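Next come two complexes, and both contain chain A; in the first it sits with chain B, in the second with chain C.
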Partner chain A sequence: MTTVVELPTPTVVAPRSRRRALRRVLRNPLAAAGLVVVVVVLAAAALADLLAPYPFDLVDFDATLQPPSLAHWFGTDELGRDQLSRVLHGLRVSMIVGVMSVVLSLVVGVPLGLLAGFYRLLDPVISRLTDTLLAFPFLVLAVGLAAILGPSLTTATVALAVGLLPLIIRVARSETLRLREMDFVAAAVADGADDLELLRRHILPNAVNALLVQATVAVPLAIIGEAILSFLGLGVRPPIPSLGVMIASAQPLFRDGPWLAVIPGVAIVVLTLALNLFGDGLRDALDPRELRR
Partner chain B sequence: MGRYLLRRLVESAVTLVLATMVVFLGVRALPGDPARTLAGEEADPVAIDEIRRQYGLDQPVPVQYYRYLENLARGEMGDSLRTGLPVTETIRDALPVTLQLAVFSLAVAVLIGIGTGVVAAVRRRGPAEWGANTVALLGLSIPNFWLGLMAILVFAIAFPVLPASGFVSVFENPVESFRHLLMPSLVLGTGLAAVVMRQTRSAMLESLSADYVRTARAKGLSGAQVVLSHALRNSLIVVVTIVGLQLGGLISGAVVTEQIFVLPGFGKLTIDAVFTRDYPMIQGVVLVTAAAYIGINLLVDMLYSVIDPRIRVGGAAL
Partner chain C sequence: MRPGGEPLLAVRDLTVRFRTEDGPVLAVDGASFEVAGQETVALVGESGCGKSVTAMALTGLLPPNATVSGEVRFGGDNLQQRSRSALRAIRGREIAYVFQEPMTSLNPVLTIGRQIAEVLHRHQRLRGAPARRRAVELLDLVGIPLPARRLREYPHQLSGGMRQRAMIAMALACTPKLLVADEPTTALDVTVQAGILDVLRTLSAETGTAVLLITHDLGVVADIADRVVVMYAGRVIEEADVDDLFARPGHPYTRGLLDAVPNPARRSDGSLREIPGRVPVLASSPDACTFADRCSRADSTCRVHRPELVPGPAGHPVRCWHPLAPVVAGERR
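What follows is the complex of A and B.
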C-alpha cells in the first residue's frame, strides 16, 4: 500500500515571489528609472509612425545637413531626411531585433537546456553542441551566418539568436540540474508525475527567475549586436533606418555633420543603459544573496 | 585531478573536431558555386568542371571533409581567392597586430577594472562606489564601435592629438606603436573593464566578509594591508578566470575595432573575407579563432582547477 503525501509545490509560490520581486525592483530608484525609460522607448518605437514628425525616407534637398533646430530636433542628413524620425524608426528595429532574437533563443534554448539537465544520456550531446557554438565568438558566428544567409533584418535576428543560444542552454541546464534534486520534484515523482509533467509543471516554472535574469542581460547584448552587424553592413540594409546603419553612413560626414553619428549612438546608449539598470535591479531583487550584501 | 584534466582534454578535442565540421559545412552552405568563383565569371563550363575535379569538389562531401582534415593537419588552408596568397601566411601576418591590440586592451581592462572594483567594494555606499558602478554600467552599455568613432571625432578631428588609423609594430617604433594603439585599446578595453570591475567588486565583497580578513584586522594590520595582501589576493583567482573567459569577447570586439581604426589585423581580415566572399580565407580565420578560443578555455579551466580545487566544471562562462 502506498501512502500519498500531499506536499505544497513551489510552482504556486513562484509567481507570488515574482510579484514581490517586481515591487522590490520598483523601490530601487535606478531600476525604476530604467524601467520607465524602457517603457517610454518601447512606446515611442511602437508609435513611431504617429510620433515621427516626417516620413523617415522623405528626401528634402533644400534642407541637407541641417544641425539640430526647432524644425528638425535631431538635424537632417545629407539627403535632408529628418533624423528624429529616422531615430524613432531605428529604435523600433533595435527593439524588434533585440527582443525577437532573445525570444527565439529562449524558444530553442530552454527545451534543449531542460533536456540536457534532465536526461543524463542527452547531456553530453547537447553540451558538446553548446561548447561548439561557444567556440565561435558571438560576432564571428553572427558574421559567418550573415555571410551565409545574406544581410537582412531576419538574418540579424537569427544570427544573434544563435549567438545567444549557448548562454540560454547553459542557464536552463544548470537550473534543471539543481531543481531535479529538490524534494518537491521527488514528491511529484512519488505522486506519479511523468517526465513531461515534471519538466512543465515543476522544473520550468522554478527556472523562470534565472532565465528572466539571463534574458534581461541578453536583450541589451542583442541590441548592441544588431547595431554592430548593421554598422558592418551585415544586418539591416538601407533604406530601413537601423541605428547601426545611420552611424555607418555618418562616418564620411564626420566633419560636416558630427550630430549624424552622435545622436543615433546616444539613442543606443540610453536604451541599453536603461535595460541594464532594470536588469541589474531585477537580478538583485530575485537573488537573495545580493539582498544580504 | 588527472582524470578531470584528461576529460577536459578529450572534450576540447571533440569540440575542435565539431568546430571543423561546422566551418566545413558552413562554408559549403555559402551562396554561390565555389568552382565558378575560382574559375571567374567568364569561364566556360569545361573549365569550371576541370576546377571542380582539381579541387575535389566533385567528390562526396565526407571525402571532401576527410581531404580538408588531411590538409589542415599539414597546416594547409588553401590560397586566398582575393590575393592568391596562402591563407596560413596571411593569417600569420595579421595575428601580431591583433595580439598587440589584445594585450594593450587587456592591460587597460585589468588596470581600470580591478582598480575601480576594489574601490567600489572598500568604499561602499559612497560616491566612490556610485562612480565605479556608473563607469561599469556605461562600459557595458556603450557599443564599442560607436565609442571608437566618438574617440576619433574628439582626439583625431576636433583636437588632433592621436592618429585616427594605421598600425606601427611595437618592435619597430614603440612610441608610435603606443600612439596608434592607445585609442583602439582604450575603446576595446573599456567593455571588458566593466566586466572585470563587477567581478572584482563581487569577489572583494565576498573576501572582505570572510573570517581570515577579520583575523587579519584583529591582528592589527592596516586597512590597506588587509585589502591588498589578503582580500584582493584571494579575489584575483576569480578575476583572472573571468578575464580568460572573456577573451572571446575581446576577439569579437577586435573585429569591429580593427575595422574602425583600419588596423590590418585578424578582425579586419575576417570582415574583408566575408565581403569579398573569399571562402578559403573565411574558413581559415573562423577555424583559427575557434581553435584559439577552445585552447584558451581549456587553459583557463586547467588553471582554475589547479588554483582552486573546489571549483570544477566549465560552468563559469558568463
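What follows is the complex of A and C.
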C-alpha cells in the first residue's frame, strides 16, 4: 500500500499542452471511466444533504436490518438508519479527509522538497526526515500518530498527511534537481533572478505536472488510510458515518446484514480504483514521450 | 586600446580554473581585453577555448567548482570584489546575456509577456500597464510582428528565430550597458541567423548598448563586429579592429580560422579547410605557445617559451613568436 509510483520524468509541459493532455486522458477509456466515477462521487458527496433520502442519523426501530429494497436501496442497519444516506455522507467524509490530507501534505512537503533539491546543504537534513518517515509503512505511521493524537477527523487528516509526506517530498525534490539544470533557469540567473524567484516562478510551476500525478496517487491512499483508521477507531468516530466506521460497526452483524459491510467496502474499492485509473491515465498523458507525437 | 577615458568593460588577467574529477582544468589563462561603450566586440575561437567561461565569469555566473582570479572592471568598479547580491543587481540590468539555445532558454509555462514583465519588475519595479507598454515596445524593437499578441503566447508557440528575438528583447528590457551574446545564432537556421544579426546590429546603433559577441563564425564577425578578440586554449592570442584582422592576421591560428571560413569566392567547392588537431585541455599554464603542436611555423622557441601579447608586424597585438607578415591584398588565395 505504500507503493511509491514510478513517475515519468516529464521534461516540461506548457499549459496549452496540459489541456491537450487532459483531452488525451479522456481518449483513454479506463481513465475516462475513472474520471467519470470520481466526478459522480464528488458530486454525490457534495450534494449528500440533498440526495440522501433520509437524514443519515434517523433511527427507525420499525425497519432495522432491512436488506436492500426500493424504500432503502442499500438497506438499513441495526438501528434502522438508511444505508444509502449513510454511504453518501461517508463518501463525503472520505473525500474530505483524503483530499485535505493530501493538500496538507503538499503544503508542507512541496516547500521541503524544493529546498532539499535546491540547496545542497539542506538536502541531507530533509532527506534524513523522508528516510525516517519511509522506514515506517504508511499505515503504521498513520495509525501510530492517530493513536498518539487521539481519534478525531482532524488527527486522522494530520496523521495521513504525515504518512504521505515522503511521497510528496521525494517528487518535489527530484523535480527540483532536474529543473535547476535547465537552460531557462540558467537564463533567469543571468537575468538577475534570486533564489526565491527561481523556485517560485521557474521551478515550482514546471514541477506542477509531476506533483499533480503524485497527488492523484496519494488521494486514494489517504482514503483507504482513513477507512482503516476509522475502522480501528482511530479516525472518525460514530455517529459521523465514514466508510471505515460503517464497515467496523457492521462487523458483528455480518451474518444478519452482510450488505452493511459489503456496500461501503465496494464504495471504497470503486472510488479508489477510479482515482487510480484516472491517475494512471494522467501520468501517461503527461509523459513527454507521448507529448512528442 | 581606445584613447581617452575608461572603457566600459576592462578584463585584466582573468584566470579561471575548474576542479573536476579528472583533475584541474585551466579554462581561461590570463585573458585581458576591453569593450568600449557602444562598441561591438567579437570573442572568437574554436569550441572549448574558453569563450563562454570568460563571459560567465564577468558577473560571477560560474558554478562553485570554478576559481576565478584577475580583474573585471565594469563602469569603473571591480566586479570581482562585488557581493553576490550586488552582482545579481548588475545581471540583467547593466550586463545582460543572450544564450545559444533559444528553444530551451525560455520558461515553457510562462507567457512571453510574463517573462519580460518579470525582468522589468525585478530591476525597475515596473508593473501593470507601463510594463506591458514597455514589453510591446521591446518586442517591436527586436522585430517581432504583432507584439501585443505575442506577449500572450507561450514559448512553444514561437519559432526558434522568434524565441531568440524574445530572448534579446528580455535582455534589452532594462537597457543594459553591455549585452553578452553567446553564440546567439548557432542553433538557428541560416536564413533565420541573418535576421537575428540584423537585430543585434541595429540595436547597438539604436540603444547604444555595447555588445560582446561570442562566436566561432567569422562570417558573423565580419558582418557586425567593430573589433575582434581571438582566444585559443584560454589565452587571448590576437586582437584587432575587424578590417585589420581580416586583412592582416598576425597569428597562424587566426589565419587558420580565416581560411576555414567557407567563402565561395575563394574556394569553389565551398568546403571548409579545418585547422588540423584540436584545442588542448590544459591543467596548468605551460611556458610555451599552446598552439605550437598544431602550428606549421612552430620551432623550439615556441615549445619552451611563452609568447606575450605584443604588437605584431601589422601593428595590432599578437601572441606569437613568429607572427605572419602582412600580405598585400589580393595576394592570398
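Keep this in mind: the second predicted complex is superposed on the first by the 275 of 293 C-alpha atoms of A that agree within 3 Å, B and C clash if a C-alpha of one lies under 4 Å from a C-alpha of the other, contacts with A are read in each partner's own complex, and residues count from 1 in each chain.
The rule is short, and it goes like this: a contact is a pair of C-beta atoms (placed from the backbone, for glycine too) under 8 Å apart; a residue touches a chain by one contact, two chains touch by 3 or more.
What you see is a predicted model, and the numbers here were worked out from it, not measured in a lab.
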*Superpose on chain A as described above, then tell me if chain B and chain C fit or clash.*
fit
*If you stack the two complexes on chain A, which partner ends up touching A:205: first (chain B), second (chain C), both, or neither?*
second
*Which superposed partner A:197 touches (first chain B, second chain C, both, neither)*: second
*Examine A:134 and indicate which partner it touches, taking first as chain B and second as chain C; both and neither are also allowed.*
first
_Which of chain B and chain C A:254 touches, first, second, both or neither_ = first
*On chain A, which partner's contacts cover more residues, chain B's or chain C's?*
B
*Please indicate which partner A:234 is in contact with in the superposed arrangement: first for chain B, second for chain C, both, or neither.*
first
*In the superposed arrangement, which partner chain does A:224 touch: chain B (first), chain C (second), both, or neither?*
first
*So, does A:158 touch the first partner chain B, the second partner chain C, both, or neither?*
neither
*Report for A:184: first if it touches chain B alone, second if chain C alone, otherwise both or neither.*
second
*Could you state the shortest Cα distance, in Å, between chain B and chain C after the structures are superposed?*
15
*Same chain A residues contacting chain B and chain C, which ones?*
none
*Could you please specify the touching residues of chain B with respect to chain A in the complex?*
11, 14-16, 18-19, 22, 26, 29-31, 137-138, 140-143, 145-146, 149-150, 152-153, 157, 205, 248-249, 251-253, 255-256, 259, 270-271, 274-275, 277, 282, 286, 289-290, 293-294, 297, 314-315, 317
*chain A residues touching chain C - in the complex, by the definition given at the top*: 12-17, 182-184, 186-194, 197, 201-202, 205-206, 208
*Where on chain A is chain B touching in the complex?*
128-129, 131-132, 134-140, 143-144, 146-148, 150, 170, 174, 220, 224, 227-228, 231-234, 247, 251, 254-255, 258, 261-262, 265, 268-269, 272-273, 276-277, 280, 293
*Name, in rising order, each residue of chain C that touches chain A in their complex.*
59, 61, 85, 88-93, 96-97, 99, 101, 104-110, 118-119, 122-123, 154-157, 167, 170-171
